[in-house]
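Note that the chains are named A, B, C and D in the order they appear, and that numbering of residues resets to 1 at the start of each chain.
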Amino acid sequence: VALAIDRVGVKGLKKPIRVRDRRQGESPAVAVIDLSVDLPARFKGTHMSRFVEALEEFTGALDHKSFRALLASLRDRLQAKRSHARLAFTYFMPETSPEAGAQSLAGYDCFLEGDLEGAPEGEKLTLTVGADVPVMTVCPCSLAICDGRGAHSQRAVVRIRAKAEGFVWIEELVAVAQAASSSPVYSLLKRADEKKVVETAFAKPAFVEDVVRAAARALLDHKLVNWFRVEVESLESIHPHNAFAVIERDKRAGG
Amino acid sequence: VALAIDRVGVKGLKKPIRVRDRRQGESPAVAVIDLSVDLPARFKGTHMSRFVEALEEFTGALDHKSFRALLASLRDRLQAKRSHARLAFTYFMPETSPEAGAQSLAGYDCFLEGDLEGAPEGEKLTLTVGADVPVMTVCPCSLAICDGRGAHSQRAVVRIRAKAEGFVWIEELVAVAQAASSSPVYSLLKRADEKKVVETAFAKPAFVEDVVRAAARALLDHKLVNWFRVEVESLESIHPHNAFAVIERDKRAGG
Amino acid sequence: VALAIDRVGVKGLKKPIRVRDRRQGESPAVAVIDLSVDLPARFKGTHMSRFVEALEEFTGALDHKSFRALLASLRDRLQAKRSHARLAFTYFMPETSPEAGAQSLAGYDCFLEGDLEGAPEGEKLTLTVGADVPVMTVCPCSLAICDGRGAHSQRAVVRIRAKAEGFVWIEELVAVAQAASSSPVYSLLKRADEKKVVETAFAKPAFVEDVVRAAARALLDHKLVNWFRVEVESLESIHPHNAFAVIERDKRAGG
Amino acid sequence: VALAIDRVGVKGLKKPIRVRDRRQGESPAVAVIDLSVDLPARFKGTHMSRFVEALEEFTGALDHKSFRALLASLRDRLQAKRSHARLAFTYFMPETSPEAGAQSLAGYDCFLEGDLEGAPEGEKLTLTVGADVPVMTVCPCSLAICDGRGAHSQRAVVRIRAKAEGFVWIEELVAVAQAASSSPVYSLLKRADEKKVVETAFAKPAFVEDVVRAAARALLDHKLVNWFRVEVESLESIHPHNAFAVIERDKRAGG
């Protein structure tokens, strides 16, 4: 007797989409997309072309509602019990430099992942939002041992994945990551801004341990988030390898 | 009060190692290595240099015993409750072409991952072995609709991850993946071999669904494996995107 | 005395743009951008923030004229003799399946690269357009030795880079690559389409050598193209490695 | 009439090799290998399996002599005029921390590329050695504007490619890159070392422009090197993007 398959589908589809943003607008994006469903033991195979058809019909802006509709469409077209979709894209947000007030756009690698389970009348949707946020860290240890006359700093990436009751904005995850670090990074910095960024960062040195804890604390305090995983990976400027730290918590489980 | 950190450590260390193989020998390899431990809430930070020191002292061939010793060394040096290590490397196996008997070496992307939990007297080791095995698939659907006069084929990758009581050889995972596919792939094929490979593959067409089921069945039947995940990803030759299928089972949970 | 620097600038900027397409419209895209200028020996360093400012002011649709203006802006802001820009993006084109006429969108990895040299009155612009086009190849050798009853096929990528007098559309490069192969690949294929694609491909088997020659021939015959490089890389379905072939010609040099 | 093909062959072969090092020893490595030859217009195709056979017979340690023999073997087996090979591998060198004298191994991404042209009696070999060397840079501008109380630092990569009369050791390229930067990076640093590295780096701030010029100057002064390209790419800790600078010189051309 054949085995049931957890997920079967397509990977690496590309599509230009629009993403609903927090400012009530829509941002153009190019998504890399994985789509799949479960396949019960009694079925020989799935219908791969139907995944692509479902995606072709997805024409609105990406938000909570349209994403659920895409998942429902997959489930129904493929006669499945569970459907899964992952859309990865670069999400752009306006950015203002800290001193000169120079305007630019910052792009973050993000994704939206959804699992829809059960028949329409009792379906359960699980949404995961992910954002990779580059930040700056100044090493507290080297600042201490060099008596404040120097310290190594580096770019680090804060990778947040969150599940929530309701919807969490990417803007919120970016803010959590930036607040947890020594300083945000910026695309455009004038001379006065650079001074400000370095002074800010040196006034707030942080190990990966500190950043991951501060970000996790903010996510624990977030009313809608009920599960999260934060990984901070620091491109150590004194080493050829990276340092990293991870905290994952499931609030529903009392974890 | 500070949060406990699930994992803190280093990523992307590189080291030349030797891997114990099934033929009682040792193969040279270059490993990319991640090492981490848990960090209780009461500690401000970990000692990053100790991870590198533990790795420097790892000089024997990689096998079950030496890997456990590395994990124990991490746990003890860092005064942690849990330690984690992941070594990714290309593993080479001799290969014989199916008709001409030509000899060559096949290299597979593999990894060994270990979690050691608890104090020395009651420690629990969880080992995961992973291997990515390229294979060939011939599409049953196109073979049928073209009346046997043609069918699209492609390279696919079978990614197996397995946890076991005792030790599972990479050679076993490679064999499972190859047996589940339309045909193995080979580095070196003479003209007579190429005919044989194509005939073999066309006599055994297989969707990603078929390959993932056959591999999962073999892993269910394997006496030592108690958890596995198989993903088959096919680089469809008629599409710009890939097809994939996944089965994951935990035998301990009756899953 | 200090050395002159060939190129200094920024890499990996991201920006949402619009690309002028052949149908007189505009396609949204997300570009990954490198910008640089030369730096004469007498200057200590360049002004990195000015690259970002030049890019912020680039707001129109990407075409020959706007791209030249971006390069001129870089040259002038940085007081340089040469400026260079590379914008890499996924470019989407409508696609129709060969039998059922099903509509979908195909995305190609493309780039536009420009070098602007000399003072405004005598400036010389060199434009390079690049497109990576996935196609299908059927192996002529295995078709022959299996007496037409089977043959291995696979996805291959045709990477075309072209310099031209005037402007070459990405649509033209895609057409060249597809015509040179055994068959185009399609995102959306219904059952009748799949039969058609396989039959078409098996009726036109092609080695990487055949594909690269056919594409090169078409580019030699193209009136505007004066330099090109074509690489065909085939994800051989019977091997774990790839086959490839390259032809580069400079028509200006009589090459 | 068919076109001549510049290069045809195989890509992505993997093989465990030994690399001759400067200390008269041999280091184990795993190489990713591309092999190709030219194909005159009169030949329909090449013989792909012969590339793999030539590689199977390559069993000695990689050095100038064995690499030339591999290229000659390719040329002769394929009846070609030109042969080309590229072996990419991680090369390990012993490393001593600057203060505590702690020993570890540093691995660098390197490659050896060779072009052999002409018949055996008059053949011409062109060898290119490449090494990617991670280093540390401290920003001179931010050090100045913060009055020495702070400055952003980051990891940077110095990518050197060199052609030479005779043989240039990878060890030499690594030394050039490290000497040109604010400080080398180290796998293993004790507390006293970290202080030393940071102090050294802050005493020698360097823009990418400074690093690329210093490395280029050393390569201009190297007696054997007759062509080089240096690219420095800095993972700016205050930006999400990178800064880079390139100098390429052909000494033979008086460039």
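Quick notes on this one:
The rule is short, and it goes like this: a contact is a pair of C-beta atoms (placed from the backbone, for glycine too) under 8 Å apart; a residue touches a chain by one contact, two chains touch by 3 or more.
All values reported here derive from a predicted model rather than from experimental measurement.
Note on chain A versus chain B: their Cα superposition corresponds to a rotation of 180 degrees, in steps of 5. Inter-chain spacing, taken between the CA centroids of chain C and chain D, is 27 Å.
Centre-to-centre spacing of chain B and chain C amounts to 35 Å, using the average Cα coordinate of each chain. Looking at chain C, residues 13-14, 107, 141, 187, 189, 240-241 sit in touch with two or more other chains. If you sketch which chains touch which, every chain touches every other chain without exception. If you check the complex, the residues on chain C that touch chain B are 106-107, 134, 136, 138, 141-142, 145-146, 148-155, 183, 185-187, 189, 191, 194-195, 197-199, 201-202, 235-241. Touching chain D in their complex are the following residues of chain B: 13-16, 27-30, 49, 52-53, 56, 89-90, 92, 102-105, 107, 187-190.
On the side of chain B, the complex with chain A involves touching residues 2-14, 34, 36, 39, 44-46, 48, 141, 207-210, 212-213, 216-217, 220, 233, 240-248.
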